[in-house]
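There are structures below to look over.
The two complexes that follow have subunit A in common; it is paired with subunit B in the first and with subunit C in the second.
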Partner chain A sequence: MSAPLLWIFIPAALALPALLISNGRILSIVGGSLALLLSLVALIVPIDQALQIGNFSLKIAPEIEILGRRLILTPADGSLLAIFYGLVAMWFYGAEVTRTAHRLVPLGLIIIALLVASIAVEPFLYAAILIEIAVLLAVPLLLPVNQAPGPGVMRFLIYQTMGMPFILFAGWLLTGVESSPSDLALAVQSATILGLGFAFLLAMFPLYVWLPMLAEEVSPYALGFLFWVLPTITIIFGMGFLDRYSWLRTSAGLSQVLSVGGLVMVVTGGLWSAFQRHLSRQMAYAVIAETGFSLLAFSLSPEKAVDAVFLLIIPRSLALLVWAMSLTQMKELAEPLRFSAVQGLARKHPVTTAGLILAHFSIAGFPLLAGFPVRLALWEGLASQSLGVAFWFLIGILGLLTGATRTLAVLVMAPQGTGWELQERWRPGILIGIGVLGLFLLGIFPQIFRPIMANLPGMFEHLGK
Partner chain B sequence: MLIILTVLLLLLVALALIVLYWVRPGIRYSWMLAASGALVSWFSVLFWQLNLPLTFQLPPWEPASLFFESLSFTADRLTWPLALSISTLTLAVILTATARKNFPDPLPWAATLVLGGLGLLAVLADNPLTLLMAWSAIDLTELVTQLRSADGPQPSEKVVTAFATRLAGVGMLLWASMVSISAGTPMNFQDAPPQAGLYLLLAAGLRLGVLPLHLPYASEAAIRRGFGSALRLISAASSLILLARIPTASVISIFTPFLLLLAALAAIYGGWMWLRAPDELTARPFWLIGLASLAMASALRGNPVGAVAWSCALVLSGGALFLSSAHNVWLSRALWIGMWGITALPFSISATGWGSTMPSFWPVWPFLLLAQALLLAGYLRHAIRPTLRDNFETLDRAAQYVYPLGIGVLLGIMLLLGFGGWEGASRLGVWLLALLGVMLGGIASWLAPRLRILTPLRAHWVRPTASSWMDWLFRGLWGLYRLIGLLSNSFSKMLEGDGGFMWTLLFMVLFISLIIQGSPGP
Partner chain C sequence: MTLIAWIVAGLLLVTSVGILVSRDWRLGLGFLGLQYLGVFWLTSQHWPVSMAAIKVVTGWMAIATLGITRLNLKESDKESEQILPEGRLFRMFTAGIVTVIIVTAAPTVEDIIPGIGMPVISGSLILMGLGMLHLGMTVQPFRVILGLLTVLAGFEALYAALESSILVAAMLSTVNLGLALVGAYLLSARMPEENV
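What follows is the complex of A and B.
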């Protein structure tokens, strides 16, 4: 048994029979349980070490070779796999109540397998191609077969696809930089091309216009899954680049570029959110700001940066999960999700409203919620570098909070005489409730996942050392 | 550990009340359960005094490389009186609930116990991180309870607006931390740098409605006497504790006299409206503004003990008056003791209120004394004019015993704290100023029924909303918001339109050229 077989090929292979299951609930439970099992195995069974259970000895080999390329999952990747598949399990368990299980579970399994492969592949430049295949598969995930793609989907595809050639080209140039490190012009060219590639993949300013457009067109739950998984893997892919090329990692301008890029995303995402009147688009702007937070985390001092980037993953996923699930529930009540259509819904659907607002607050960094500790750490790190940067960070946060507060005001403004009632479906209500509890738990005790997270910096040889 | 046990007790009893309400709505012993929980926690806080200082720390946040602080709580001789005031108020609310028309109603009792527990956590917070977590918890509790009682779009919107205002206070506290970190000192309450001190004051001021002067509690009249009083007073106390925690050296700034003047003017406004309001419930926001301004003025004069003194008086004297819902001659006379709490005379709880540890801006003194006089005169008037009160004799027998206990425990603790248990006890204070304030208060009381300008306004004339210049300010801000919104929407449409891709590439080229110009290269 090898690690790539277990965490890449098996989930991808099981996606095919999953396509044949027509019962959404069974599909959701089977897919969620499979992901949970893979997560637990990653947590319990170490890669490349013999595990003795009675007379049995179990050892998972770290690599596999295919078509002349190698897929390698090192022992240090185990924690990431555990976290990743654990979070995927949460998304799959929630898929049935959002009526997206038929698309999300099978396609989600293939996408996750491809993205894990993108972390594992050697030569690592092939990751760009694997990410591109995942992007292509995301289209049927976002749209039912009978629905024509809108401009948002088209732009998503175009912008994400444009990232791939830039990264491949940059990879080719980087080999030249490695062989002649004194060639400054080549280094600048390759860094610029690489930056462009990541700007497309991460939907950096101003290449993020497709996010709010897409949010208006497709299912919020499938979109939330994509909004979580694509940037997270792209960021880890980017960290791989930094780890590999020391000249890039030690470049004096890198921190500044990341800091400016991240700030622009946080500020523009926050400000756009503050003036937005469409609930799905607000989620998109929050995701833009969230990617900005990741870039800002990169820009911190090396000993903090890796920890900060990884600390963002779980709160981000949980908040998006709760947000997307709440939005899906709300979409069943009001279409389109404009303020004028959803006004006063809180009185009849308090749990959905609470999920929506608290998830938004969490991403904005409201104290007590999951997003707060890492925002605080980030903000403190930036303040210790420059108060000006910390001020712009505050502006972005204020924008997000304004958006959340406006949404709250609209949702509670019901006509006079409207009493509070629970008119919600109980299963989504329970799942949202559990998610909200999780947001509070992570907000008060952010260290609860520390035992797993502590190993993550080990994925990189140089980064964070 | 005692700290967290006391808080957990309150929270668990509240949870039990809620569960009982849902599972067995008609259960008869819910009041007994609430009163027992409140009483045990009150005794617990009372006996902390024998063992001060008490500390409790939650497991530290990790990784340690990212977090400077962890959640921790301290009860010392400065914070204990405020903790005792809050637990006394919690107990008093439950005891006096027997005299309310809606008795028995366990949900407001549960909410009161939750607020009491969160209020204790806030006043015992040992660092800004803990304080802002406690503030946020109180704000969320308040938001939920207020929304539950708000009816119609406008009241609901006002609740959210009030929540946003308090959130601004939380933001200001966070910003103070950032300023402190940028000055090279991770902020704590022991040594905040001078740059951060004023932001801390603004944070407290914003939450209290003092700086800038505004009334965050616009829907005051709609809130019931018992739970409403707990909500207002505990929320205010949790904000006021910040004033006691600001290191004296941190408030020295060129802006201090200006802030002192603003605080004094806010105090006069609060006192004036408090005196002229038709009844004590309508006047409650002005009581908070008036006393909170005096506390803030103490902090600005480098007197954190004085800030705590005014804060305790706000909770205990105010609590006794606001919880009085049944009229009886003896109880009305007992309320005069409440007035003693804000006299600042020797051995009163506010004896240290006029102290200063640094040269203060002398022109504000007449304003501060006038504010105190107005508050005293108003208290006397509200205590002896039982506009909103029922007849004590109509209460049932048990309530006739329990209800006065609720008022009595507030007044008793207030007297007790004047004599012992904390740093501001058994002090003579600046008795000359206090005497002057009391004399002015006496004159104002004498003049009140004789001068038309001092006679109570009709209820609908006491505007619980902001003044006209504040309206103008909010209209201006709203106009600016709409303008920026229009611009941002136009920009979005341009990028998302047919030519959006070209625009995007153009902006990207501009952005890259800007970054490349600013970066030193590899």
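What follows is the complex of A and C.
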């Protein structure tokens, strides 16, 4: 048994029989349990080390070879796999109540398998092609066959596809820079092309116009899943570049570029969110700000950056999960999700409203919620580097908080004398409730996942050392 | 040999402008088919012919996928360009501007990647540039897929000179076929009563 077979080929192969399951609830439970099982195996069984259970010895080999290239999952990748598949399990378990299980579970399994392969592939540059294939599979995930594609879907496809050629070409140029490091012009050219590639993939300013458009058009739950998984893997892929090329890692301008890029995204995402009147678009702007947080984490001093980037993964996923699930419930009650249509919904759907608002507050970094400890650490790190950056970071956060407060005001606003009339569906309500509890738990005890997170920097040879 | 390569680069200019200005989907796919022949020729400058043939085979398979799907759609599903600018003259004018930019930029690219040859660089830049122009002008699924396939064809012609791995060739072919399948999916993704 090899690690790539277990965490890449088996989930991808099981996606095909999953397509045949017509019962959404069974599909959701089977998919979620499979992901959970893979997560537990990653957590318990170390890669490339023999595990003795009585007379039985189990060893998972780290690599597999295909057409002269290798897929390698090192022991350090085990923690990431455990976190990743654990979070995927949560998304799959919630898929049935959001009526997306038929698309999310089979396609999600293949997408996750491809994205894990993008972390494992050697040479690592090929990850760009694997991410592109995952993007192509994301189209049927986002768009059911009975819905005409809008401009958001088309732009998503265009912008994500454009990233691949830039990254592949930059990868070739970077090898040239390695062999002649004194060639400054070549270094600048390759770094620019690489930056463009990642700007497309991460939907960086100003290439994020499609995000709010897409959010208006498609299922919030499927979108939330992609909003979590694609940027997370792209950022890890980007860290791979920094780890590989020492001149890039040590270049003086990198931290500044990341800091400015991240800050622009946090500020614009926050401010646009504050003035937004559509609930799905607000989630999109929060995601833009969230990507900005990751870039700002990258810009911290090398020893802090890796930890900070990884610390963002779990709160981001949990907040998006709760947010997307609540939005999906709301979309069934009011369409389109404009303020005028959702006004006063809190009186009938308090749990859904609470999920929506608390997830928004969590991404904004409100105290006691999952996003708070990471935002605080990030803000502290930024303040120690530059007070100006810390100030603009605060502006972005305030924008997100304003957006959340406006949404709260609209949702509880009802004509005088309107009473509370509970019309919540109990199963989504329970799942949202559990998610909200998780947001508080992570906010109050952020160290829960510390033991697993501690191994993650080991994925990189040089970064963070 | 160089003369033929320049003729092929010229053919790529004609086909990519043709895709940009043509309104009939059959004509668009015809130009795309010719375009893949040109890409095959440029790729064969750096790859063995048997391997370069992957480009043309994959490209034509993508065209077949799109063509069959388009053929099965009702006439009422035919895309009418809703977004301005839609005039052929305007498109040809912008294509001219992009071509001028490419002619100016090609020597700089040759400095960065020496030894590939100007015809290959010019041909691939023409495809990438005009493909991007196409993508900037439309959000219609069929046209977006044509634009993306054009951009990728240009990139692949250039990248073939830099990377000759079989796995990369296979993966890029998968991307091309995947794009065609996504295009077919998007073309048939309509309200149930609108489908054939």
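We take it that the second predicted complex is superposed on the first by the 465 of 465 C-alpha atoms of A that agree within 3 Å, B and C clash if a C-alpha of one lies under 4 Å from a C-alpha of the other, contacts with A are read in each partner's own complex, and residues count from 1 in each chain.
The rule we apply is simple: contacts are C-beta pairs under 8 Å (C-beta built on N, C-alpha and C of every residue); 3 or more make two chains touch, one makes a residue touch a chain.
Treat the numbers as computed from the prediction; the structure is a model and nothing was measured.
Bringing the complexes onto one copy of subunit A puts subunit B beside subunit C with no clash.
By the document's definition of touching, neither partner reaches A:17: not subunit B, not subunit C. When the two complexes are overlaid on their common chain A, residue A:147 makes contact with subunit C while staying clear of subunit B. Superposing both complexes on chain A places the Cα centres of subunit B and subunit C at an angle of 140° as seen from the Cα centre of subunit A, in steps of 10. By the touch criterion defined above, A:383 lies against subunit B but remains apart from subunit C after alignment on the C-alpha atoms of chain A. When the two structures are aligned on the shared chain, A:336 is found in touch with neither subunit B nor subunit C. In the superposition on chain A, contact of A:69 is made with subunit C only, not with subunit B. Between subunit B and subunit C, the minimal CA-CA distance in the chain A superposition rounds to 6 Å. Subunit A residues in contact with subunit B (one complex) as well as with subunit C (other complex) are 151, 155, 158.
Chain contact summary for the complex, subunit A toward subunit B: residues 151, 155, 158, 184, 187-188, 191-192, 195-196, 199, 205-207, 209, 212-213, 247-248, 251-253, 256-257, 260-261, 264, 271-272, 274-275, 303-304, 307-308, 311, 344, 346, 366-368, 373-374, 376-377, 379-381, 383-384, 386-387, 390, 394, 397-398, 401, 405, 408-409, 412-418, 420, 444-447, 450, 453-454. Residue ranges of subunit C in contact with subunit A, taken from their complex: 112, 128, 132, 135, 139-141, 144, 147-148, 151-152, 155, 158-159, 162-163, 165-168, 170-172, 174-175, 178-179, 181-182, 185-186, 188-192, 194.
Against subunit A, in their complex, subunit B makes its touches with residues 58-63, 65-68, 71, 129, 132-133, 135-137, 140, 147-148, 150-153, 156-157, 159-161, 163-164, 167, 170-171, 174-175, 177-179, 181-182, 186, 481, 484-485, 488-489, 492, 495-496, 500-501, 503-504, 507-508, 511-512, 515-516, 518-522. Interface residues of subunit A facing subunit C in the complex, by the touch rule stated above, are 66-69, 126, 129-130, 132-133, 136-137, 139-140, 143-149, 151, 153-155, 157-158, 161-162, 164-165, 168-169, 172-173, 186, 189.
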